[in-house]
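The first chain written gets the first letter, and so on, giving A, B, C and D; residue counts start at 1 in each chain.
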Amino acid sequence: MGFILSLNNFLFMLVKTIIGVMGPGEGATPDQNEMAFELGKAIAQNGWITLTGGRSFGVMDAALKGACEAGGLTIGILPMETTKGASENAQIRIVTGMNSGRNYLSVLSSNVVVVLGMAPGTASEVALAIKSNKKVILLNQDDVTVNFFKQIGTYKILVAKTVDETIRLAKEYLAVNKA
Amino acid sequence: MGFILSLNNFLFMLVKTIIGVMGPGEGATPDQNEMAFELGKAIAQNGWITLTGGRSFGVMDAALKGACEAGGLTIGILPMETTKGASENAQIRIVTGMNSGRNYLSVLSSNVVVVLGMAPGTASEVALAIKSNKKVILLNQDDVTVNFFKQIGTYKILVAKTVDETIRLAKEYLAVNKA
Amino acid sequence: MGFILSLNNFLFMLVKTIIGVMGPGEGATPDQNEMAFELGKAIAQNGWITLTGGRSFGVMDAALKGACEAGGLTIGILPMETTKGASENAQIRIVTGMNSGRNYLSVLSSNVVVVLGMAPGTASEVALAIKSNKKVILLNQDDVTVNFFKQIGTYKILVAKTVDETIRLAKEYLAVNKA
Amino acid sequence: MGFILSLNNFLFMLVKTIIGVMGPGEGATPDQNEMAFELGKAIAQNGWITLTGGRSFGVMDAALKGACEAGGLTIGILPMETTKGASENAQIRIVTGMNSGRNYLSVLSSNVVVVLGMAPGTASEVALAIKSNKKVILLNQDDVTVNFFKQIGTYKILVAKTVDETIRLAKEYLAVNKA
């Protein structure tokens, strides 16, 4: 019985924790990209996988790059039918051929969803994350955005101003909600 | 040449105009359901098809019911693998098996998207509609919602207070953007 | 009670019966296109909707064209994010943005699946139809194809040589399996 | 210039090679499960990732288990909206909520597709792999199956009798078709 329990524990540990980082592609600001890079690094340093929409632009790309530089594993959930246009920092490429339909998979596959910058695709990911009962951390968002998502997401929405605060919130959540 | 033009016109007229009506299911208020019913009726009276998420609850169901009563054609884009749980007012049932992933198809298949009531799934549809360059009419929405979607959707977002105003805005748009 | 039953019957009749016609696009032979055209006509004459992959080529297009000429209603389940490349005979355009992922929706949305001609996409539709417990009619297929699908689909696979036989088999099935 | 080339090489090496293993779930035979286990082990020993449909049954589960035991990385492309029913050997869980619609993603995300055992879902994966120009290795399949898929897939279909032969064919293909 003790053996079975520890075997289960061992098997359980095989399952990876995935942090989704959602944000604009081409429209991301330099500050957002910088923060996404730091966020990806911090996710990797905690032993978690970084997952994004996987394209070679903006927050998607910068977060994956940060994670790679810190030696972490990365996943890109790609919109096209091929890997064309994928970030070179997306180590594992899930090719969906679903265009923006892939946003639903990005949030379903994440244990925690962090949102940095805002754009229509990003907003759909926040909304689908709430719908799917995911914990969402809004990082450095303006009041208009926070007010709207708190109105539809209530307790599922957390707010952070810094990468450190984001990581702390994710840790607290994951401590009681295993992958 | 005149013949070819008129043949093209004839063929063109085969293509149906689809108005998507997006809104909460179980969480819809009686007033929202009443308005959705009137909206479905008005859509049918204009010769357009009413499309919703197709479930037997809330705005989805009420809009389809209104359209049916006015003799219109209706489409339900269903989340499940079967027609179980479909509104009996969904005459054409597109069965997706994609759960909330079907929200993307609902907006892509609509010539105009009307939004009545708000919930996480509904918000994802508005965001995906903006992302897909659809015209979105926010019907009777509060300021928090309008401010957020105007911030990310700019000119693609129209605002209406009544069913009549909604139909007028849809007509104006469709007059210059054929199905 | 009689009233309720008849009301239910009335409502039930609103739901449309959809016949999916699956077959090659660009690779279809003239004979296959001719037969698809006749099949679409026959489907329409029975009051059923014709559903195909909706592109402007091959079996997809020819079946929709036959249905339109006989005054029937048609649905195209389109692979792209827009209606670009759609058959002009696809009256109702379900835009999926899912590329070949839309094949699953085509079969789930059909009450009966008829297969005319063979290609990789078509084969995926037959397989997914079997998986989803749909009745599949293989129309005018060679032995290699029939043997394989009978091996994996057993009783779900019916075989026909002509459009008339196909319609008869569909009618028999629908008589005991309502839409 | 040499620096840039070597940097590119370094980045290129980040991208993982994924071998998809497709086969029946509940219906798999003990021999097929045994072979799937050996196949997963061999994939891991070559430094590749093993990807399957991710459920806790049959070929899907056995291949992931073999890969885990050999210290490899594994991906499950899950059909449900949650990780319920996932193989405990699926280390990275891509949650799609798409039911059998996820079969398309499984093949698109694989550099090579290996097929072991046959069932309707498996057949849809072979067909979609051919449609998406993937190399498919049919492992230990009967003549009816091989004949059909060679007829629709021609040169994209390779045939193997053993795990060793499968690995050799995959290596040859990957030597000239990088991930």
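Quick notes on this one:
By definition in this document, contacts are C-beta pairs under 8 Å (C-beta built on N, C-alpha and C of every residue); 3 or more make two chains touch, one makes a residue touch a chain.
Because the structure is a prediction, the values reported are computed rather than measured.
The interface holding more C-beta pairs in contact, when A-C is weighed against A-D, is A-D.
Of all chains, B has its CA centroid at the greatest distance from the CA centroid of chain D. Averaging Cα coordinates per chain places chain A and chain B 31 Å apart. A straight line joining the Cα centres of chain A and chain D is 26 Å long.
Our note on geometry: chain A versus chain C, Cα centroid distance of 40 Å, whole angstroms.
Multi-chain contact residues of chain D, defined as those touching 2 or more other chains: 81, 96-101, 104-105, 132. Residues 11-12, 14-16, 18, 49, 68, 75, 77, 81-82, 88-98, 104-105, 108-109, 132 of chain A touch chain D in their complex. For chain B in complex with chain A, the touching residues are 98-101, 103-105, 118-121, 123-124, 126-128, 130-132, 144-145, 147-148, 151-153. Residue ranges on chain B touching chain D, taken from their complex, read 81, 96-101.
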